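Heads up, the next two complexes both have chain A, just with different partners, chain B and then chain C.
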Partner chain A sequence: MSLITVDSLTVQFDTDEGRITAVEDVSFAVAPGEILGLVGESGSGKSVTAKSLMRLNSDNARYAAQSRVVLHLDDRKVDVLSLRTGREMQIVRGGAISMIFQEPMASFAPAITIGDQMVEQLVLHRRISEKEAARVSIEMLERVGISDAAKRFGQYAFELSGGMRQRAMIAMALSTRPRLLIADEPTTALDVTIQAQVLDLMLELKQKVGAAILLITHDLGVVAEVAERIVVMYAGRKVEEARARDLFANPRHPYTQGLLGAVPKLGSSLEEKGRTRLSEIPGMVPNLKKPIEGCAFASRCPIATDLCRKVAPAVEAKALGHFVACHHAPREAIAA
Partner chain B sequence: MAQFIQFTLSRAVMAIVTLLTVSLIVFSLMELVPGTCAERYLAFKNTQGSQITVADIEAEKKRLGLDRPFLVRWASWVENVFVRGQFGESCILRLNINQLLADKFWISLGICLAALLAAYLIAIPVGIVSASSKSPVTNNVLRFLSYLGLAMPNFLLALIIMLFSTVMFGDSLTGLFSKEYRDAAWSWAKFGDFLAHAWLPIFILGWSATAFALQTVRALMLDEIGKLYVTAATARGIFGRRLLWRYPARHALGPVINSLGFDLNRIFNELPVVALILTLTESGALLIESLARSNDQQLAGAIIFLLTASIVFLNFVTDIMLALMDPRVRRGLMG
Partner chain C sequence: MTNVPAAAPPLLEVKDLKKHFPIRTGFLSGISGYVYAVDGVSFSISRGETLSLVGESGCGKSTVGRTVLRLLEPTAGEVWLDGQRIDNIPLRRLRPLRRRMQVVFQDPFSSLNPRLKVRDILAEPITNFGLASSASELDDRIADLMDKVRLPRDAVKRFPHEFSGGQRQRIGIARALAPGSDLIICDEAVSALDVSVKAQIVNLLSDLQDELGLSLLFISHDLAIVEHITHRVAVMYLGKIVEIADKRTLFAAPKHPYTEALLSAVPVPDPTTRRNRIILKGDVPSPIRPPSGCRFHTRCPHAFDRCKVEEPVLRTVAPGQVAACHLHDPVSQPVARAA
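Then we have the complex of A and B:
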């Protein structure tokens, strides 16, 4: 049983320059306690997809009629896209789902203390007294390894160090005991040593709290380290989905193959082959203002044919648990 | 706390330094007017029919201390103003400037501050709500009114109102006091009479000030609403009025306070024109008169200095308010 299912999600934005299709017909599911990596470059629609789960896209976002996002709770199902009022949406905003952002400094209000923001959220979602909420908050800050938590509770974001802010943000996100934590590029702004600490912390807390994680990133190194399953997006479409192990060992979509080829590998470096260049994906991401005919990747794909340029490939299982949207991806026999 | 006192003191010192600089500029400007106070007064006497000689001028110069060097005269002017609060004597009218201005300055300042206050009392809530409103009707109506306020000159608005009032009610709405109170001592009745007249200049000055402040508040709010911390708060389930006022509105208020001094300055600049049209002899009109008609440099200097001092003082107050409101500044000062 999935925790949350996304079915044929299509998100468009009305802008002055016309309607932009940011996400097109994307489906996936997150199981309870699972870590799912959502990978793609900027503009691939991964953030818009994730924000759809909390209805955080701006007001000019249009969700297609057939799109469904369903949250499966113990006692009920929530049809996220049909939620209307702010109160109704609390179930996915800070209730069952929490989100952490790339910039912890920017995601705390600058003139409100960390503690006030944590208490406010706890009182909203857990129906506890402010005093109790303060106790829980300080305890949570301690659990993420912030020393002198009671003092930090009364401080502002600008008074904390970068790593500490990141921890405080994780503490705040997990204090309401969400079932799903959406992490939007959580390590991108951090230096490598802090990155590792933050990832470890997220994993540790996930174990304790029992939350699933939707990890949005363009950093393949990060997903390789922590994700169990990976969804690769390109130009608003899902192009490949597989268990992390399978995806890295055997990428089947030419785009994924290109992405992995563009990552430097330790060992396979200069001494071995002389000065080999990292391979890159030629061309540019297509313009999303116009409807894309055929496969979105066709214009950059080394193996594209006329079929690719005319007919968009459907996402199909090419091996057990390995889904690819490509006309030319090899298919393995799948045991029934 | 010690740091806060230190901060206040350092700001006060800076304000005084600013005022001294201003006084030097004002005093130099007064000097740049062709002719000295003595020459001008005697020339004025001459037009009234008195016979004067060069010796008379020299004697007058000596009496006024005009034979001393520039810096010494500036120093003594500063000493009089800063220490005794005395602006000396008017060149032409030969009256004590403090007595001449007295009520007039406070009335002018009161009208300007009232216009400023009214402008912000309207602009802050309206700006905040309009920035978050998605209704195109509300937004366009506000935008139209706001541009009208920005584009229509104050004197035109004043003239329109006066014309309308004269035709409809037979009252041109000019002046600040009814006849019976003009020379009376201050009393509640006189104050009431003042309010009954002062609403019009306050309204006219406040009209464009509100339009300006509305643009400022709206722009600052739109800026704040787009920030990540607002999205983050939304993602925590905060919504509606609580989200609006506690998050973007609260954070937009700092720069709004900062714009107060600037706006007072603009209102001051507009006051003389409005005062001239509404024949408010008790306020800004005096400045134009002293400058344009009679070249009364002492009086003009005093008025310019008082106006500048008001703005410097307001900026000092807003600095302190900002320090108290913004934890980033407050923590830096008070630990």
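Then we have the complex of A and C:
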């Protein structure tokens, strides 16, 4: 059974320039303990989708009536989008779900010590004494590999280096024992050697704590290293979903194919003679202020037909566990 | 283009370049220390060649670029452009030479003047250097620049905000080409772009190099992009170059332990490959108080006693490859094995 299911999620924002459809009819589920990668470029709607799981989108967000986000806890189901008050939302925010962001500086209050912030949320969500919360926090800081944890506990976020801040944020997010950790571009601001440390840490903690991870990233390398399943988004829509191996070995949506071709692979110079061209995806992402007729990728797609420009393709199973929204993606016989 | 004549004198030569930023702790108080951002860096770039400067945040790669351009004044060292020393000449004499080296920055949003139309952005360098004798010649040059960067000619009437990030970066490149430059310094020029657009700009830079014989100093932290675009690579760590090699040698057989770790840390977009990642401990030390001896010794998995006290120099470790590491010094070889 899934931990959280997202069904027909459509999110619109009312802005001065009109209504923007950021996410359109997106459905997926996260199983307990799995790492699901949510991949897309700027404006693909991946962050808005993730924030919807905790109702963290700004006040001008409108969730369409048929949208459902359901969290399956041991004893009950929580319909996230129907939560209204702050107290109700504590079930998801910092309770069953924790979130970490690209910029850890923005996640810590600048004038409160790391320790005080960790203790506050622990007392609130786990209903333990402050003394106990402090002990748990320091232990958690140690577990994420922060040396001299007791000292760091009393420091402010600005006193820590970028990599250490990201570790502290992971420690804070996991100390409440969430069932799901949403990581929004957690390593994008980090250098590669620090990124490698943080990715290793996330994998290790996932095994120890048993939390599921929803990893949001634009970096196909990062998602290939850690995710078990991947959802690819484009212009607010889900275009492909598959197990990580299947997606990279056999991408079926022309956008995914283009994206994989556009990424240079380390070691490319060892195989090829001279310099080759990267494959490009011509054009650019469509304007989301206007409703998009047909397939959102049609204007850039090498195999688009009139059908694609008129009718939006539905997400369909094209092979076992491999879902694609494309009129022209070939279908394999699926064994029952 | 891939056959760069070895005998040709380099277009750019940098010798023992240093840039130290003074730290002033308070108003009226003196200098309390220095940030050793660039601390003795030497390299050269031939005509039509791309040299990439790679390294993590704070290693000094961008400062090298800015000091070469003299957007920052060097603390010590020499910079030669096409046989002419440019680090110590007065700015008035530097000005005509600036025509030959231009820069493309990372952020295509803040590097273009929002109040100028594209036409005016491109006309400025041309008229500044007196490269067009008439209005019609100016128009021809601008149209030619738009063609070069594959933008429609009529887009010159628009303002920067009307373009996407990738298109704006094309405008930035057109502006860099406008005075007829020989050398373009790309400071993280594609780092802020989305994958699909990044590929377009990388291809454009390669094409322009082929067409115009440009030299590129490509400053980047993205090793996969670097491997794709470059001829040679210089790896920096804490203000020093630790290794320089031609592309294939560096990616096939890196010699410096930092280069090895850096390469192994790059995530590979293929879930079936599981490499042995070298996970470095801790963070990059502060460039205000760089470690003694080899600056990498605090994080190096192979460090031994000599590394803590003696700074390694760049020495040839293979044809076309130099590295600054005691492991590759024949004198310390037995010690290294024992450690």
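We take it that the second predicted complex is superposed on the first by the 331 of 336 C-alpha atoms of A that agree within 3 Å, B and C clash if a C-alpha of one lies under 4 Å from a C-alpha of the other, contacts with A are read in each partner's own complex, and residues count from 1 in each chain.
The rule is simple: contacts are C-beta pairs under 8 Å (C-beta built on N, C-alpha and C of every residue); 3 or more make two chains touch, one makes a residue touch a chain.
From a predicted model like this one, the values you see are computed outputs, not experimental measurements.
Visitor: Will chain C clash with chain B on chain A after the two structures are superposed, or do they fit?
Guide: Superposition check on chain A shows chain B and chain C fit without a clash.
Visitor: Quick check for you: in the superposed arrangement, does A:142 touch first (chain B), second (chain C), both or neither?
Guide: neither
Visitor: With both complexes superposed on chain A, which partner does A:99 reach: first (chain B), second (chain C), both or neither?
Guide: Touch status of A:99: first partner only.
Visitor: Of the two partner chains, chain B (first) and chain C (second), which one does A:200 touch, if any: first, second, both, or neither?
Guide: After superposing on A, A:200 lies in contact with chain C but is clear of chain B.
Visitor: Chain A residues in contact: does chain B have more, or chain C?
Guide: C
Visitor: With the two structures laid over each other on chain A, which partner does A:132 touch: chain B (first), chain C (second), both, or neither?
Guide: neither
Visitor: Scan A:284 for contacts with chain B and chain C and give back first, second, both or neither.
Guide: Second partner only.
Visitor: Taking CA centres after the superposition, what's the angle at chain A between the directions to chain B and chain C, given in steps of 10 degrees?
Guide: The angle comes out at 70 degrees.
Visitor: To be precise, I mean the smallest distance between any C-alpha of chain B and any C-alpha of chain C in the superposed model; what is it in Å?
Guide: Minimum over all C-alpha pairs of chain B and chain C: 9 Å.
Visitor: Enumerate the contact residues on chain A facing chain C in the complex.
Guide: Those residues of chain A that touch chain C are 41-42, 161-164, 191-197, 199-200, 218-225, 227, 244-245, 248-249, 258-270, 274-275, 277-282, 284-285.
Visitor: Using the touch rule from the top, collect the residues of chain C that touch chain A in their complex.
Guide: Checking each residue of chain C against chain A gives 2, 56-57, 164-167, 194-200, 202-203, 206, 221, 223-225, 227-229, 247-248, 251-252, 261-272, 277, 279-280, 283-284.
Visitor: Spell out the part of chain A that touches chain B in their complex, as residue ranges.
Guide: 54, 56, 59, 85-87, 89-90, 93-95, 98-99, 101, 103, 106-113, 117, 120-121, 124-125, 156, 158-159, 172
Visitor: Under the touch definition given earlier, write down the residues of chain B that touch chain A in their complex.
Guide: 134, 227-229, 231-240, 243, 246-247, 250-251, 254, 325-328, 331
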